[in-house]
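For clarity, chains are labelled A, B, C, D, E, F, G, H, I and J in written order, and residue numbers in each chain start from 1.
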Amino acid sequence: MFLTRLVYTSSVTDNFSPNDIENILEIARKNNQANNVTGMLCFNRKFFLQCLEGSRSKVNETYHSILNDNRHQRIIMLDYKEISARNFSEWSMGYMPESSLTSPVNIKFSGTPEFNPYEMSGESAHLMMLALKETIPSI
Amino acid sequence: MFLTRLVYTSSVTDNFSPNDIENILEIARKNNQANNVTGMLCFNRKFFLQCLEGSRSKVNETYHSILNDNRHQRIIMLDYKEISARNFSEWSMGYMPESSLTSPVNIKFSGTPEFNPYEMSGESAHLMMLALKETIPSI
Amino acid sequence: MFLTRLVYTSSVTDNFSPNDIENILEIARKNNQANNVTGMLCFNRKFFLQCLEGSRSKVNETYHSILNDNRHQRIIMLDYKEISARNFSEWSMGYMPESSLTSPVNIKFSGTPEFNPYEMSGESAHLMMLALKETIPSI
Amino acid sequence: MFLTRLVYTSSVTDNFSPNDIENILEIARKNNQANNVTGMLCFNRKFFLQCLEGSRSKVNETYHSILNDNRHQRIIMLDYKEISARNFSEWSMGYMPESSLTSPVNIKFSGTPEFNPYEMSGESAHLMMLALKETIPSI
Amino acid sequence: MFLTRLVYTSSVTDNFSPNDIENILEIARKNNQANNVTGMLCFNRKFFLQCLEGSRSKVNETYHSILNDNRHQRIIMLDYKEISARNFSEWSMGYMPESSLTSPVNIKFSGTPEFNPYEMSGESAHLMMLALKETIPSI
Amino acid sequence: MFLTRLVYTSSVTDNFSPNDIENILEIARKNNQANNVTGMLCFNRKFFLQCLEGSRSKVNETYHSILNDNRHQRIIMLDYKEISARNFSEWSMGYMPESSLTSPVNIKFSGTPEFNPYEMSGESAHLMMLALKETIPSI
Amino acid sequence: MFLTRLVYTSSVTDNFSPNDIENILEIARKNNQANNVTGMLCFNRKFFLQCLEGSRSKVNETYHSILNDNRHQRIIMLDYKEISARNFSEWSMGYMPESSLTSPVNIKFSGTPEFNPYEMSGESAHLMMLALKETIPSI
Amino acid sequence: MFLTRLVYTSSVTDNFSPNDIENILEIARKNNQANNVTGMLCFNRKFFLQCLEGSRSKVNETYHSILNDNRHQRIIMLDYKEISARNFSEWSMGYMPESSLTSPVNIKFSGTPEFNPYEMSGESAHLMMLALKETIPSI
Amino acid sequence: MFLTRLVYTSSVTDNFSPNDIENILEIARKNNQANNVTGMLCFNRKFFLQCLEGSRSKVNETYHSILNDNRHQRIIMLDYKEISARNFSEWSMGYMPESSLTSPVNIKFSGTPEFNPYEMSGESAHLMMLALKETIPSI
Amino acid sequence: MFLTRLVYTSSVTDNFSPNDIENILEIARKNNQANNVTGMLCFNRKFFLQCLEGSRSKVNETYHSILNDNRHQRIIMLDYKEISARNFSEWSMGYMPESSLTSPVNIKFSGTPEFNPYEMSGESAHLMMLALKETIPSI
């Protein structure tokens, strides 16, 4: 078994409605708990930035389900790596809502104060998720 | 633009028929040339091992098409990385047929003389593709 | 003399009965004290994860006795290394009972919240034993 | 997008009048906020030392505007680098007035107690700006 | 004196006419020889990629002249560094014409077989210029 | 699957008779081929030094069978490691007979011109097996 | 002058009587002070472990006197190195009596809870002396 | 400009009289302030150990004046290096009188409890000056 | 004894006449042979660049004589280091006359095709002397 | 067993007569062969420089015999280290006579063209013995 971390970003589609986020987190936490996947999801109504940690097969499986979800599109992986220990093991899916994705955090790790992970390197994206974890309590 | 490398493995499904490989290579080379994706495909009638190199967005797009292809399944990423230079830039999709995936090469980088990339670490898989490139002319 | 560390995992057999653990620890501590072997044993009724530290010859001797013990099977080494100092020198055999092998610890270093060292790399297994030592008093 | 840092130094011209600094900071902060550029400006009535952080294109654009400003001349870049995180993300343009550019700080990183960045290596200049940020509140 | 290397890319404007390249190289070589600047210029009728090496002040001066040249625009620095030895010391301005900027070279270091340095990291751009120098005689 | 290398040494017992070596190699090659284990065996009528490479589970299984073989005793592991590629992949079990274990080779990596791996560190033992492979054709 | 550290171990002979230790320390401190040698002596009635620091010539001279002392034998050097700063500069000869050489310390750095430096690597021996210095006041 | 550090040692001559030290410090501080040289001088009535930091040209100039001063002789450089930041920037010439050059400090970094920098490596000398700065207030 | 390397540059004075170079080399070789100093001298009628290797004391002594020679001035050290082996051990003083200090060599390691070591970092100067040694036979 | 290397230097005494060298080599080779010690001896009628390789105990034993030999004195260790492979395994005691210790070799690694190992660092001495081995056939 290879313990693995995957970070990707994506964009909401018209199929996404505001209350879907509750729904996504619920299903994500339920499935991830079943699959022993952990991680964090950042969302600002437009873009998602998500980290998935777990066994290589479960991380890939989960990612495939997510890729087929028509509530988002333009899904781009930023980081993928074999790891020895998880960073978000306490969360089946931690959530960073828009209010947490403040200008100071965004601008520190990217080109804009807006949350736009498409423009980030894999390393910047991973560092930002660790910084968010440090400073902001998850819901 | 982030130049990126992705390595994955997968398994043929019942939808796959022997002559599909010609077809896959043809479409792969056509699309990849259009998308400026390069790489190498290894195939032993059962498993695929493929390396895709190119811009982050095109590598992801190509990977998404591939993920949705019902001629294979159990698709698992082994390696994904930002790079400064490609390894397979001369091939829009180099091909290593079963005859190239000899026991000596397989067993050097994995647990078996059979070609079974599911059991390989990302580093072993990448090293094996480089070794294959060194020793075997592509079709 | 080469100071050495060995980490392995194994599974209980039908020959194992719940109170055998007392017995194993008693004999382990008695023998290890005689052999100057130190270490830690983790057990969740199904799997063992054990670290043995000491002289190369005594660690191997002890491991051979353990390999021949019919109360467990599927014994797989995860880590083995020449070291300059021990990590568990204060314990002839520290014990981490099931209650210590909590989901948070397991999932941080492996693919599942269950304790399943077969699926761990040598480095993950060693890191988890160090983390367990830090947080949990031994019996 | 490549997150980038640029450090340069320059000298006032006769076109520069004392109250221009207010003006420069105002326009700099306005433009930089629009361009998501952050940084710090040091000024001692004679020389400027400025750090610009942001996307590669915006940092270059901003630098071009600055190069064409006839209030300064002899503009020399000291440092330019792709980075993963900014150092001055909280400031659209932090300001270190002459009173902050004390002899102790100047002499620690350069050949003189006067502020003269022309004589500094890129590394010394970057280290000095970090030291200034640590010790002195910006206006 | 700090020996320095600068790499930038730019795009021709309408002010540029085909025979300007002769003219640019002539003036570049004349000026650079006077300023002890060396380097290499790549050009494919659309984009320039240029490396300038020399003293920090002369590299900056030369870059400022180049920035003000209305025959090109969208000038973006890719790399800038203090160095101990030059890479292109034998050329006051080596030239890689379109015929040298072949698909194989371009695609090895970037996302496309077309020459488009805007999409390259500083490291890829520098590696490509070194590769071009190895394989292609300058005019 | 973790690709793994194990190196151990052992001593013949009274149960061992000269022609057993043929027998051991035959069974070793047969089993190892079945288990996809590769490696090299050195033997000087007194001591064995063996390297086993393969999947973690098969290397351990093979080692367990070997440990229970009453033709040798005092079995001590010298080296055990997760690897990315094998060193002896061309041999299901290469053989270095006494005639290959010459004084010059032995003394270069150990304390004596006699072959006595008990006195070697893991690193010396591994380096000696690589040196033997370089210089001596296997039977 | 090369500042140097030497660590050796040795065993008492029949010529050694319990009160010799006072005598050895007295003469050692007197001579070492004269020779600007510093260090630490560990003794458990059976074995000595001593560290000598000082100029290369004085450390060698002192070691030669010690080698010729018939109160001990089987003198084996464990570590010898050019250093930039001493570790025991405050002691002309610090003393760790048997009571300080506790089982926990011994077993952490060696194969046994008894004090037996013959079985230690140079690195383990040096680490143990540093650990002893940290935890135990010298007499 | 290259920021530089020079460390040398020397010996008083008969031309030196006890109160010259006041005089040397006075002139050193006056000149160094003018030349933006900083550093520390250690003196034990017999030997000097001095560190000079500043621009390469001023450090060399100052060193030349010092070399021609007939109050000392046997002037030997111990260390000379391009640096990014000074260590003694707060002192135009800090002074460590004999009382600061205690046996414990001397013996830690050299072969003797006496202050004798001639016998020190460049690294030991630099480390000792940093240690002196840490522990002892300058006059 | 510390084996040491010193590199400096200097400028001729009016006291220098063309045939002095013969004289300098003669005396240098005579003295250096006596002092076991080796090295290389580069000269272009205006500037000297010299490397001196040998014992720390002899290198310093030689440098002091050289500093007091009124045939040159503005003497600036570029590099000074403890070394394990010399680079110019075959030459008591190798000589690189003006004809060897060609534009290509000068410009590779400095800002100008003229020989002007004042403008070089210590590392550039040392690299240039090694390059000169490789390509040009000494007189 | 720890494989170890020891390098020391010493000086002949009046007890040494020219033909003793034959005698020393004879006894050295006889004893070393028995003790599995290998190495090289350099001798210029005044000084010895010897490297001894072998098990830690045999190297120490041999060194003790050598220390007690009244044909030499002022015996100073230069280097002592645990190693994984020997450098002189083909020689029970290689010999470099005075004729091999030429000025060019001596001066490359020390302060003088004479052979004087007392003035060498451990690293210089070891590098010189390797260089001698490369260039000069042993007797």
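Operating definition for what follows: contacts are C-beta pairs under 8 Å (C-beta built on N, C-alpha and C of every residue); 3 or more make two chains touch, one makes a residue touch a chain.
This structure is a prediction, so every number in the text was calculated from the model and none was measured.
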{"item": "Over-half contact-pair match to A-B, picked out of the listed pairs A-C, D-H or D-E", "value": "D-E"}
{"item": "Numbering shared by both copies at the chain C-chain A contact, with half separating same from different", "value": "different"}
{"item": "Intercentroid distance (Cα basis), chain I paired with chain D, Å", "value": "40"}
{"item": "Between chain B and chain G, centroid-to-centroid distance (C-alpha), Å", "value": "61"}
{"item": "Distance from chain G to chain C - Cα centre to Cα centre, in angstrom", "value": "35"}
{"item": "Whole-Å separation of chain centres (CA-atom averages), chain E against chain J", "value": "57"}
{"item": "For chain C, residues contacting two or more additional chains", "value": "2, 121"}
{"item": "In contact (per the touch rule at the top): chain pairs", "value": "A-B, A-C, A-D, B-E, B-F, C-F, C-G, D-E, D-H, E-I, F-J, G-H, G-J, H-I, I-J"}
{"item": "Partner chain J, residues of chain G touching it in the complex", "value": "2, 6, 56-57, 60, 64, 67, 75-82, 121-122"}
{"item": "Footprint of chain F on chain J - complex, ascending", "value": "1-3, 36, 38, 54-55, 58, 84-86, 89-90"}
{"item": "Residue numbers on chain J that touch chain I, as the complex places them", "value": "104, 107-113, 119-121, 123-124, 127"}
